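The first chain written gets the first letter, and so on, giving A, B, C, D and E; residue counts start at 1 in each chain.
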Amino acid sequence: MARSSELLVLPIALPIAAAFLMPVVANVQASLARWLGIAVVVAALGVAAMLAVDIAQSGPLVAALGGFAPPLGITLYADGISITLLIALLAGGLLFWAASPGDNVRSHVLMVLLMGAGSGLALSGDLFNLFVFYEITAVASYGLVAGRGSGAEAGAALRYLIVGTLGSSLALLGIALVYASTGTLNLADIARLAPERLAGVTGMAAFLLLVLGFGVKAELTPVNTWVPEVYATASARVASLLAGIVSKLAIVIVMRIVVLAFPGEQARELLLVLGIAGVVAGEFAALGSATLIQALSYSSVSQLGLVAIAFAISGTAGVAAGLALALHHALVKPAFFMLAANWRGPIDGLAGAAKATPVAAAVFVFLALSIVGVPPLPGFWAKYLLVTAALAKASPLVLLAIAVVLAAVVVEAAYMFRIAVALYGQPAPERSGPAILRGDLARATLLAAGLAVVTLTAPAVLDAIHRMAAVASDRDAYIAHVLPERGARAALSVSVGVDQRTERSIP
Amino acid sequence: MTLSLLAELIVMPLIAFVVGLALVLMMRRVRARIERRIGPPLLQPVYDIVKLYAKRTQVSHGIMHDLAIVMLLGGITTSVCFLPVPGLEGLARQGDLLTLVYLMMVPMLGLALGVGSCANPNGSIGISRALTAMLAYDVPFVFVVIGLAVAYGTTSLPEIIAHQQSGGIATWGAAEMPLLAIAGFIAMHAMLGKEPFEIYVAPAEIATGPMAEMSGKYMGALFVMQSFQLYTIGALYVTMFLGGGENWLTFLMKLFAVVFVSVALTNVYGRYKTDKVIRFMWTWPTGIALAGLALVMMH
Amino acid sequence: MVAAAVLSVVVMLAAAIAVVRARNFLSAVAALSVVSLALSVLFALLKAPDVAMAEAAVGAGLSGVLLALAGYRLKLIGAPAAAHRAPANSAAALWTGVQPQPQQRGGGRFASLLFLAGLAVLLASVLASAPFGAAPMQVGQQIVAAAPGEVGTANIVTAVVLGYRGFDTLGEVTILFVAATAAGLVLGGAGITSGTRIPAMQPAGFILDRASRLLLPILLVLGAYIVLHGHLTPGGGFQGGAILAAAFIVPLLASPSGPFHHRLATFIEGFAGAAFVLIGLASLMDGKAFLTPLFGKGTLGAFISAGSLPLLYVAIGLKVGSELSGLLHRMLSPGSQP
Amino acid sequence: MTLPWPPEFISANLSEASLLGHAMIAGAVGLIVIGLYAMVVERNLARIILGLALIGSGVNLFLVAVGYRADAAAPILAGSMAPTAMVDPLPQALVLTSIVIDVGVLALALALAIRVHEAFGTLDTREVQRLIAKAAAENDRGSPPHRPDQHVSPSVARKEREKRADIPRLEELM
Amino acid sequence: MSLLDILFLGALAVALAMALLGGTRPAGVIATLSYAALLAVLALMEPLLAQSNAAIASSVKFQIIGEEIGWSMNGLGWFFALITVAAALFASWFSSGQWGAVQYDMRRQHVLLAVNVFAMLVLLSSQDLLGLFIGWELVSWASFAMMTQRGGAAARAAYRYILYALAGAMAVLAAIVIIRAHAASFNFADARMAVAALPSATKWTVVALLTAGFGVKMGLLPFHLWQAPAYSETPGASSAFLNAISARMGLYALIVTLLQVIGTDVLTNLSVQFIWLDARDIIMWLAAVTMVVATFIALMQTDARLLLTWHGIGQGGYMLLGVLIASPLGTAGGLMHVMNYGIYQAALILSVASVMHRTGTSDLDRLGGLITRMPLSYVTMLMGIIGLAGLPPMNGFVSKWMIYKSLLEGREPLLLALAFVTTLGTILSVYKLIHNIFLGQLRQEHWEIREAPLSMTVPMLLLGAICFVTGAMPGLTLQLVDRAQAAIGVPLLAHHLGGVTLATGSLNMLWVVGTMLAMMGMGAVIFYLLGGRHRAVHQYDNYAGGHFLSADLRYHFSHEFYPGLARVIGPWYRGWIVRAEASLIRLSDIIGHAWRGSFDAGITPLYVMAALVAGLLWVRSAGGLP
């Protein structure tokens, strides 16, 4: 079984290598570079699928890079959640390839790098390594948002970069504080030392900085001010990738940090406050928004707020609820953006869209029903998990969170169905409803079909999510996996032999 | 047992009709006396009805006009049947006070439908005022009925009479519940539709209101209804507050006494405006009835 | 040693304040370079020679040049901005020809100053909560002990950079590549619609032209040396690469229309990056973990030692050199080369 | 609420190491705060980018300061094999990466700033925000942004190509 | 394959059939026949439900995240299902003829009707709280779809409805999750035990949430604004269905939760500290006040459909009152009122629909005198309004009488007074309805209209006839009510065909109706035989007090029908709740605008600075000194 833990690095290394080679290949033949990029991502997806099968059978995979035993070198750790997000990222990337064939080869390079860095985010088990891949994802997304380089897109990318870089500096400061307290960067090692080293003021300050840092991409409250401007300006595919998948990677990192490094109540309280603020801000802002894209951007802020609330709840139930909400949002939001790309302009200008494109309107209503949480659609089960998980620990703040979550449903229905009613309204006599591009419609319908399949197999999917959450929320299992002979390792000062590999231990 | 009930079906209306005519005669006699004249002969009400029925030109405004009159007559006579009279209370056991209250509304609805189909705005205005007046006087009446039902613990009229007769005058409704008796009297007086609550006939303003299009046997039917109405309301008051009739003599004496007082009052007052009727009815009698109800609820 | 530290901190903070307060963008850039220099001195005092060199070469040097070129392109430096000159209300503005920065109202700035002072105190107390000078070195101690044996480099930082945390370095190189690509996309960009051609800078005088050509070989040798001795002495791929980039750019700064063959730069950049990953994959091929140092470690301190690490540093040196020079050149000449 | 100025902070022994430490932390916090001040107060995007660079340097300084050990040598084995007490090499590796990241991001920021300046002619954040919103609004009114990848009928594709003929095709330039 | 499965499959089959053949001519007939078939299946289920807690289980079961969801129909569900399918049958029968042909999209109406029926059957056979909630949401969304058919004003009314419904649903979700947190599983028995053990504060929250949640659908007081416009904007046949049964789903859910899960004993000893009211009293007073307010709002309406839908809200209050008394008489009265109301409300709505079909309007100020042209619709409306007003021959009187008696026995005089006042208000407003439409002067433009086609009048008349038959022989309905009462666990009421014999005053409708018919026969004899022959005259030939009338001057009184009453109770109509709702909407817009303003990437450094200061202060205060 040692064989597959080596493959863990491929979804990261292959795309990066291909990215380096693509400009050179492009000098030879432009479209060849694009196909190389896509081929590599498909290969990475294949590897990811293999790994998924392996993990499903026998638990998380650990790979020590450079052959150095975990606390020294960098380790990759892949459990159910990270592999699922990896597959979602790669599949989403292929589906929403943000660069069209005619574009400059650089856009394809950025896309391939986004895939590679995203895989790094999903798999890495080292705090600074996460920061590096987070930074690559950030820079790649600035490039993709800048897209064709028109004034507005460049402006939005620049303002997004300023917020992102400010966040990254804070994250780095947080990592410095964590290193100052624990002296190590490996997540398992930090988890082991966390109870006595990170519980104090330094630890909490580090957590605050890390949450603000990683919060930029995870659209958490004080640092999600870039969301409406970027999603309105960038192309729909970039917006889908950012809102749908990259934000989930970032929020899962925050979850890992909370579960492993800061298991105390104080950290969860902060995350809960940020989550509630995110939901309230997102919902109210979306209520009176003028255009569909604006409503969707604010709705994604509130959905991420919900995921943050879920992850702030200790125990497997919280993680399971958060994961369910995240995966549901990852499935629904890109489809919404595909529709929003064609339904631009003020909301009441969309009248007659249902007559012009009945399938698109039906897909919109189906997705709106799921995101509002109408049983038996998956959206309902996700919200149900959140409410039951939250209710298990009835502190006043959590009760406020439940009230906010339930009120959010009504507000969500308010703006989603204000749009739905507008879609089915009668158009002005001479104007017919807005048309929709075939490609976008196909993608939206594909995702809606995916949602339908999940609805039918809801029991199985929810059990799988529960299993993944159980693995992810178990700190001791994580430490045992990554640092198997922890006791012996600490005493032994020098590890012997260059080619010593870590056997993946059977849990 | 059904045979005696069937017999009652025939006897009760006749008694009611005869006593009703007598009451109408008394009413017109009292009015005459107050205006210092002798008043009509003994059989004047009978003559009026026969004259109206015998008219050759009978003007109808559509089938509904006719059916409404039938419904009117049917309704008033039904409510009469359910009033217990000394000796004949079998039928009264099948329905109770609540049923009776609702049965008394059926003729009102019948009259309304008939007048409506006459397509005369004066009639419609009259009916709208009649229904408003009904709403006005029924509110205190409802409190009175509830008070009574709670006090006696039953809504079956024969039981109520039995209760009142158990201890002579001391256990009469009026003695035990004076406030309810007063409020009941005011409400029932308004039910008669005479001054000061005669807003729906109002000859000066809306040309006798509902009766605008009624002539011949239609007017005759209204006369019959008036007589039945006097009898019903009088008998109901007697049953509720004056211990019903131990025998026919006492029953009739109480009946005539009640109607005499009510009729005497009508000739002294002018006419209230519509909203004045509502305001009056919803303040004084309702207040008294509520006080009575509170007293009843105490013990 | 403490006096030098306190002095350089004071200089650094003064320069930082100058960056913010400077009315003229060029003086701000200069101040920023001063901050970087003071910073590299501090790094040296903190016994981090590698970082000092990197900060000096990349921080003070390249970012200074980058900012200056950008300032030029943004018409914040030099070009007599005739069009939108606001009425110069102060002599300095008149003299430097740059309209005064539209500052916030006085009150707003005072409030933020006060607020920031509070933040400074809080931040200081939090950062001071970790004891200075007594780093727990939970992992650091093991690396210092194991590095010579396991990786065989004299410069332990290089052992960490390329050995223990080689994956980070791969990420870091990728970041530089991504930034360069994105900048290329935006600048070389298909999106250029507005035809504002910025007048090419006037060619420098004869002396500067000749002197810069003379500098080229010296810088090349220096850069190569630093790259090749990365595993022995402080410095390595990044610092050397920066110097190589400077080597190509200095003559171009002197004569902007000079030849710069982008195809070669892209070629070097691509292959150097790919080489780095391929070395990593090679160790993966024969069963070892990704990026495991290959070949024998050789004798410590010798030129040929520490297996494949020097090769990695060479790859990084070439990549950083070609990338930064390509980036600076694109900044230099508007929109001609993708 | 306790004083933000902890008492033992003042009475810390003013030994040589702790004084160096206080200087380093003062430097780091100073840089960060000044950078943040620049970003909050300034409205010109170029100046904000400078603020970013300052914050980055401040954080790097603190990161290296974390790895410092009093009276320990630099992590370079000078020929002689006897390893004396060394400073922590790990933060130095991290800062190396962080410095290169800062330069990369700085380069991209400046490229974007140039692009914004060329397109909008201004660098004031509020102006840029207004112009972005205006562009988004115009974009909304127009037909959905045309993307070549969706299968358009040949006639439409041909018409599209003529329209774009004036902009030099990038591939030819490469 | 239990009968319940057949029922579900049948409902789905109807939906499918309507989806395929909805547009064709015979669609209405097919729908009516299939609903009749469903009715037959329900009839087959009746003997199985005889025992007290018998239920017909469905073979469909779900096991999801550790929860068990199943469906089984007990007597209560069966009773409501009967009314639902019957209402659907009459609705599709009404739309099978000319009315359906002239509709904009009849296929969608048929499909949505079938989907609504299926959703209601799922709700009515829910076996546990989670199944109840899922069924509840399905019904809310199905009726939302049905309301948006006409677009424009209908879409806006439906949009307002779905927001109210979702707010209610979320309250319900909160309640069932609170219960689940303390119970072993979702099924009603465990829930009942858990609720009994809850602390009183949580009990109050659960009761408040459930009453508010399900009260929204029933239009209880603070949430009553949405129902009238939403139900009246729906096309005629569907509006009849919605009015007849859709609002009663709230009552079913309230019975299941308040009576079976929480139980009246828990409700009664949940008392408020200082005043003598307990939870049950509060809900009953809420229902009573809703009755009065809704009825007197109906009195003031000038559109026939709005008038009837406002009465729907009022009548809902009666049913809730009856059910909450929880005495055999009260529950039987409440449940019987559900059926009676369903019958005469459907008849009324269908007759208004036939008037609209012919004249094109339902505005009371633009109708009048239609009795001469549409006598059958007039007869249906007459029977309907007598039922709605609760006057003797019709069934409405029986159930109201039982509710009054139960209120009397439950010693609730003030509630009884409110009930009486509501009945009086109803009589006034229904007379205004029938007078303004059918009586008075016929308008010039309605001169040529004909009676509605047979396909519309037959179902209406049949409904009217059922009203009369179940009024005359209430025993028939009471047998069905017994099944529901047995399921609730309330002791059965001793009744016979004619009504109820109680020690404290009994009611025998056979004799009451018999006497009325006899007396009317006698009246007819007197009137027709004794009096002379009468001749009908033209509507213009009437007494105008010497005032000369020309044909074009419309000599008709219908606008502001009760001026005196309006002057007295006019000031009470200040519409506090409407203004509260409007200000809530304005407030949320303002907050929304403010939040959108805050999303500006430019001032993020300010946010970060503030967050850092706040965060670090929080860290220091919570974490103590370093």
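As a convention for this text, a contact is a pair of C-beta atoms (placed from the backbone, for glycine too) under 8 Å apart; a residue touches a chain by one contact, two chains touch by 3 or more.
What you see is a predicted model; the values in this text were computed from it and never measured.
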(message) Show me the overlap between the contact partners of subunit A and those of subunit C.
(response) D, E
(message) Touching both subunit A and subunit B, which chains are there?
(response) E
(request) Tell me, please, which chain's centre (mean of its C-alpha atoms) is farthest from the centre of subunit B? (result) C
(message) Give me the two chains with the most inter-chain contact pairs.
(response) C-D
(message) Of all the chains shown, whose C-alpha centre falls nearest the centre of every protein C-alpha atom combined?
(response) A
(message) How many angstrom lie between the centres of subunit D and subunit E, each centre taken as the mean Cα position?
(response) 63
(request) Using mean C-alpha positions as chain centres, tell me how far subunit C is from subunit E in Å, no decimals. (result) 75
(request) Determine the centre-to-centre distance between subunit B and subunit D, using the mean Cα coordinates as centres, and give it in whole Å. (result) 94
(request) Mind checking the centre-to-centre distance between subunit A and subunit D? Centres are C-alpha means, answer in whole Å. (result) 22
(message) Can you list every residue of subunit E that touches 2 or more other chains, as numbers and ranges?
(response) 600-602, 605-606, 608-610, 612, 616-617, 619-620, 624-626
(message) Can you list every residue of subunit D that touches 2 or more other chains, as numbers and ranges?
(response) 4, 6, 32, 36, 39-40, 48, 51, 62, 66, 88, 90-91, 94, 97, 101, 104-105, 108, 112-113, 115, 118-119, 125, 129, 170, 174
(request) Please set out, as single numbers or ranges, the residues of subunit C touching at least two other chains. (result) 112, 116, 118-119, 122-123, 125-130, 135, 137, 139-140, 143, 145, 165, 168, 171-172, 175, 178-179, 182, 186, 189-193, 338
(request) Write out all the pairs of touching chains, ordered by chain label. (result) A-C, A-D, A-E, B-E, C-D, C-E, D-E
(request) Could you pull out which subunit E residues touch subunit B in their complex? (result) 369, 371-372, 375, 378, 382, 386, 389-392, 397, 401, 404-405, 408, 411, 413, 416-417, 420-421, 424-425, 427-428, 431-432, 434-435, 438-442, 503-508, 511-512, 515-524, 526-528, 530-537, 539, 542-545, 555-558, 561-565, 567-568
(request) Enumerate the contact residues on subunit A facing subunit C in the complex. (result) 6, 9, 13, 16-17, 19-24, 27, 63-68, 71-74, 103-104, 106-107, 109-110, 113, 116-117, 120, 128-129, 132-133, 135-136, 139-140, 142-143, 146, 148-150, 153-154, 157, 177, 180-186, 189, 193, 200-202, 205, 493-495, 498-499, 501
(request) Please name which positions on subunit E make contact with subunit D in the complex. (result) 600-602, 605-606, 608-609, 617, 620-621, 624-626
(message) Per the contact definition, I'd like the list of subunit A residues that touch subunit E in the complex.
(response) 159-160, 162-163, 166-167, 170, 200-205, 208, 212, 222-229, 266, 270, 281, 284-289, 294, 298, 369, 372, 374-376, 380-381, 384-385, 387-388, 391-392, 394, 402, 406-407, 409-411, 413-414, 417-418, 421, 424-426, 458-459, 462-463, 466
(request) Give every residue of subunit A touching subunit D within the complex, in rising order. (result) 26-27, 30, 100-102, 104, 128, 132, 135, 139, 142-143, 146, 149-152, 154-159, 161-162, 165-166, 168-169, 172-173, 175-176, 179-180, 183, 185, 229, 232-233, 235, 291, 341-342, 344-346, 434-440
